[in-house]
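Heads up, the next two complexes both have chain A, just with different partners, chain B and then chain C.
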Partner chain A sequence: MSTHLLEARDLEIRFGGVVAADGVNLTIDEGKNLAIIGPNGAGKTTFLNICTGWLKPSRGQVFFLGEDVTRLPPRKIVQRGVARAFQIPQLFSEHTAMENLLIAVSAREGRQSPFLQMEAQPERDEMRELLDLVGCADVADARVDALSEGRRKLVDIAVALALKPRLLLMDEPTSGVASSEKFEIMDILVKALARADVTSVFVEHDMGIVKNYADEVAVWNAGEVQMRGTPDEILAHPDVIRDVIGEEAA
Partner chain B sequence: MTIRHILPAIALLLIATIPFTAPALQILLTLALAKAIAVMGVTLLLRAGQVSFGHALFFGIAAYAAAFVAASSLDDLVVLLIAGTLGAAVSGLIVGLFVVRYRGIFFGMLNLAFSMIFWSVLEKFYHYTGGADGLRLPRPSVLGLSLERAPFELLLFYVTLGLTVALGWFVLRFLGSPVGQLFQTVKTNETRLEYLGISARTTLLKGYVLSAALCGTGGILVAVAQGIVTPSYAYWIRSGEMVFIAVLGGAGSIPGAVVGAVAYEVVRAYAAAFAADIWQLVLGVFLLAVILFAPGGLAGIYEGLANRLSRRDAPSANRKPAAKEVHS
Partner chain C sequence: MDYTIVLLAIFDGLSYAALVFMVAVGLTLIFGVLRILNVAHGSLYAIGAYLTASIGGAIFAAGFAPILAFPLMLIAAALVGILLGGPIEYLLLRRIYHKPEVLQLLVTFAVFMILEDVQRLVWGNQPYFEASALQMLGNIQVFGVYYTVYQLILLPVVAALTLIGLRVFLRKTLTGRLITAVTEDREAAQSIGIDANRVYLLTFVVGAGLAGLGGALASPTTSVLPGIGAEMIVLSFAVVATAGLGRIEGAAIAALLIGLGRSAATYTFPELQVLVPYLIMLAVLLVRPEGLFGSPAARKI
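The block that comes next holds the complex of A and B.
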């Protein structure tokens, strides 16, 4: 039996009366981009929060490469190779886009010397390529709090990629990005992920994106994985059309 | 080399000539520069968005450590500096383990609490600490040489000036390094920091120990210059003074800490002489004006002027972060 990249077993968590995860079981395998869809409040973001240690489930376990990471803090899980991009970008607002990436790379490399200056790190070119990859090379030297929300999301993804993760979890990567640019960006992103050997899981509301870029789709509903399959199967399923796509179209 | 660097260099040279051009100011500037080193510690924490209202703790610990060591046969300036700074750094590590768990007002108040506990210990354990009278710190030798008062004070002035420049340079290097940059992100986004695989507490602790060591070095120099250590070294007013100077000089600016300390001491000395009853009022109004009209402090005012002067030859936007506010 091969080890799954990530495996969630029977996760349960409640917030007051709301059950945000009610026995979630899910496996993620290397090289398959998984899209998570589902109505608002179905527990999609909660799932990402549990997988990265931000929330502790009241029941169940999370395994990364066969290791139980359920009780670990986010930083320990990140160190094992899971990176995250957020729905609301989490950046260092007083730094430029380039500096955000350089900070990420110094965290990755664990640099401690107070005499090496951040700008002098050898990964500068690598980071510039990464910014170029997400289409933000032109704003490399702009403070991120001066960027548009869409640009900030892309920089946020670049920061996550700068860590060279095995698994990248993205929460609505293209929300806030102009719809004319969404496909172009996803094209680049998916190619880059494949080249860097990064498996991705992304929460997505845009069915066009799901159809084109996901290898698999998991449907969330009321804290459960309702079904899982290829994009073609799932998006044609009457329940999904009623519960998820219907709501998105509305 | 732009005008931005030339003026501070000239100012430093002028200060270096003080013992010969204005000897009356020598001791005042020794104290001001020693305080500047301590204020750098407070300023450093401001860069991580944290205000400590208790950093006089480390100022006091180092001064008392120096006084205790001086009472032994090891009363050499170099030994005092090393022992006191180490004492401050170690206590910074111990206190830091507690305070880095908190942010904002809780961080500030917990620091204050630790410093006041230490102050009470100094006041009450008078068999060891001399109580409110404090301990005498006789003039130490310097690398084995016993100096007369005048040459010693001259030497102390230059040692303090040298340490101010060297430590200021070091802190700037630290802030520009990867570990220092991570330290500063505690101010802007701890969530992302955690998701970079970094512990915000550990990162903050590193900066905290450095800030404690800086306060300690400042404390020893003041103690040696004054020849006595008293509990007032660790009193909350001393901590408040450090925050005051840090904000006056430009919250978050290391050169600002030096400018602020010198300005503060000079204003205080002259205001006390010419307006003995209202000098605190003068300083208070001065600080109010700085916060309202120049939130970047004295360093911010200088930065603004330098930008205006050098706009022609340096169009590449000097992307200095906007005036940092004090989050308490």
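The block that comes next holds the complex of A and C.
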């Protein structure tokens, strides 16, 4: 039996004439942060959407801890331990950071009650620690729409961690953040993930971030995984420099 | 003008506003969460009224105590919410959330038409009248004017409790917060594992139950006969549009405005009585197209 955290087998999906996944095979193992790089339209985000249940492939399967999760609805996949954080933080903007976490924890626990107050949940301290872990304890009671984009990203990660996932899929965790803040945010993020014992996969266009924070890199192109290796190997590869880094620099 | 007339007009308006609010609040709750304008809401109101009047008539004729009229209203509301609201959401609306609004309107309109005929099949064309609840509570004298306790006190109190209850439910309780979360961002809610379908079902059942309760509460004050559902849905639309779609507190204000305006017309220009609610709506929408309390972005139709 495979011990892979996540395994994608032969995924295929098309949107009209565009092949967004054309026989994607990929395994993800516990404890290694994997960066996915590749030109725009290579199918990176599509891959994340398939793994989280938001898109159903026309062929192929996704296994999480050996279980076929391909046809499960997104909610069931989250409950099994795959969380996601996307380019634009998906927060309940009319709620405070703490309330966002409390909503997440009630979802995690499958808790619903017309009598219990949301704030009365026993995980309040646990959530405060999570906010502390991402350096946002000071804005716990601020509405999230009043926070800076960087802070929102971090609260979004805290929401994902509140679900106690084994695997976190992130689509450009630092997009929309000022470049001066990017490394600071990644530092906090990687530390929080390590502390929470969560493996991450992140799509990234900034090669500086890939170099500094990924344990492994997978290169996507035209709906396929073309290469996989350590950041040093991959970022020095002539094909990658021509097809990916060249495009990013342009 | 005699001040008793003014008082009567105010009392009429208040009790009528309470009834309209009960129906409009369910309509606006469902729209706020599901983004569907439920035309069949009028039928749910009518069926709530029919159930209460016909079952009440039968059991009181068989010698049961009239006090049972009150629990019967709650039972009728629950039946409407669960047995009609549940299947409508689960079997029908769930398939059309991503469809164009015109189709959604047509589907709920079709449900309305079907339920109108079902009412004729079950209850026929003759009117039902069962006023035990109203008679039981008697009259009250206020500044020399006699009015029924049921209409002057019970109906407004129930409406106020419904408003406060919904507010507390949505803002404070866990289930209520999950409903607001799904309303704010359905996709974000699903990505953290909230069962949005269950939240939609629950919301629709509650909204439908409120329409049923509105009908049940109205039944002692009026003859229950074919067409009351259509009349109520149109009036509720006027209230909901005046308030701004999805605005619960706004619906209370708009119901008062329209209830009082309508009864003022009844005593001064009776021929305008039917028209006044829509004139009020028109006047508000001319100045604020999104409604008194609506935000422009929330306006879908």
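By definition in this document, the second predicted complex is superposed on the first by the 247 of 250 C-alpha atoms of A that agree within 3 Å, B and C clash if a C-alpha of one lies under 4 Å from a C-alpha of the other, contacts with A are read in each partner's own complex, and residues count from 1 in each chain.
One rule holds in what follows: contacts are C-beta pairs under 8 Å (C-beta built on N, C-alpha and C of every residue); 3 or more make two chains touch, one makes a residue touch a chain.
This structure is a prediction, so every number in the text was calculated from the model and none was measured.
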{"item": "Fit or clash between chain C and chain B when superposed on chain A", "value": "clash"}
{"item": "Chain B versus chain C as contact partner of A:Ser106, first or second or both or neither", "value": "both"}
{"item": "Which of chain B and chain C A:Val203 touches, first, second, both or neither", "value": "neither"}
{"item": "Partner chain(s) touched by A:Thr96 [first = chain B, second = chain C, both, neither]", "value": "first"}
{"item": "Touching partner for A:Leu6 - first (chain B), second (chain C), both, neither", "value": "neither"}
{"item": "Partner chain(s) touched by A:Leu235 [first = chain B, second = chain C, both, neither]", "value": "neither"}
{"item": "Which of chain B and chain C A:Leu116 touches, first, second, both or neither", "value": "both"}
{"item": "Chain B/chain C common contact set on chain A", "value": "52, 73-75, 78-79, 83-84, 90-95, 99, 102-104, 106-108, 111-118, 121, 159-160, 163"}
{"item": "Residue ranges of chain A touching chain B (in the complex, touch as defined)", "value": "52, 73-76, 78-79, 83-84, 86, 90-96, 99, 102-104, 106-109, 111-119, 121, 141, 143, 159-160, 163"}
{"item": "Parts of chain C lying in touch with chain A, wherever the complex brings them together", "value": "169, 172-178, 180-181, 184-185, 187-196"}
{"item": "Residues of chain A that touch chain C when the two form their complex", "value": "52, 73-75, 78-79, 83-84, 90-95, 99, 102-104, 106-108, 111-118, 121, 159-160, 162-163"}
{"item": "Chain A-facing residues of chain B, complex", "value": "170, 173-174, 176-182, 184-185, 187-189, 191-199, 319, 321"}
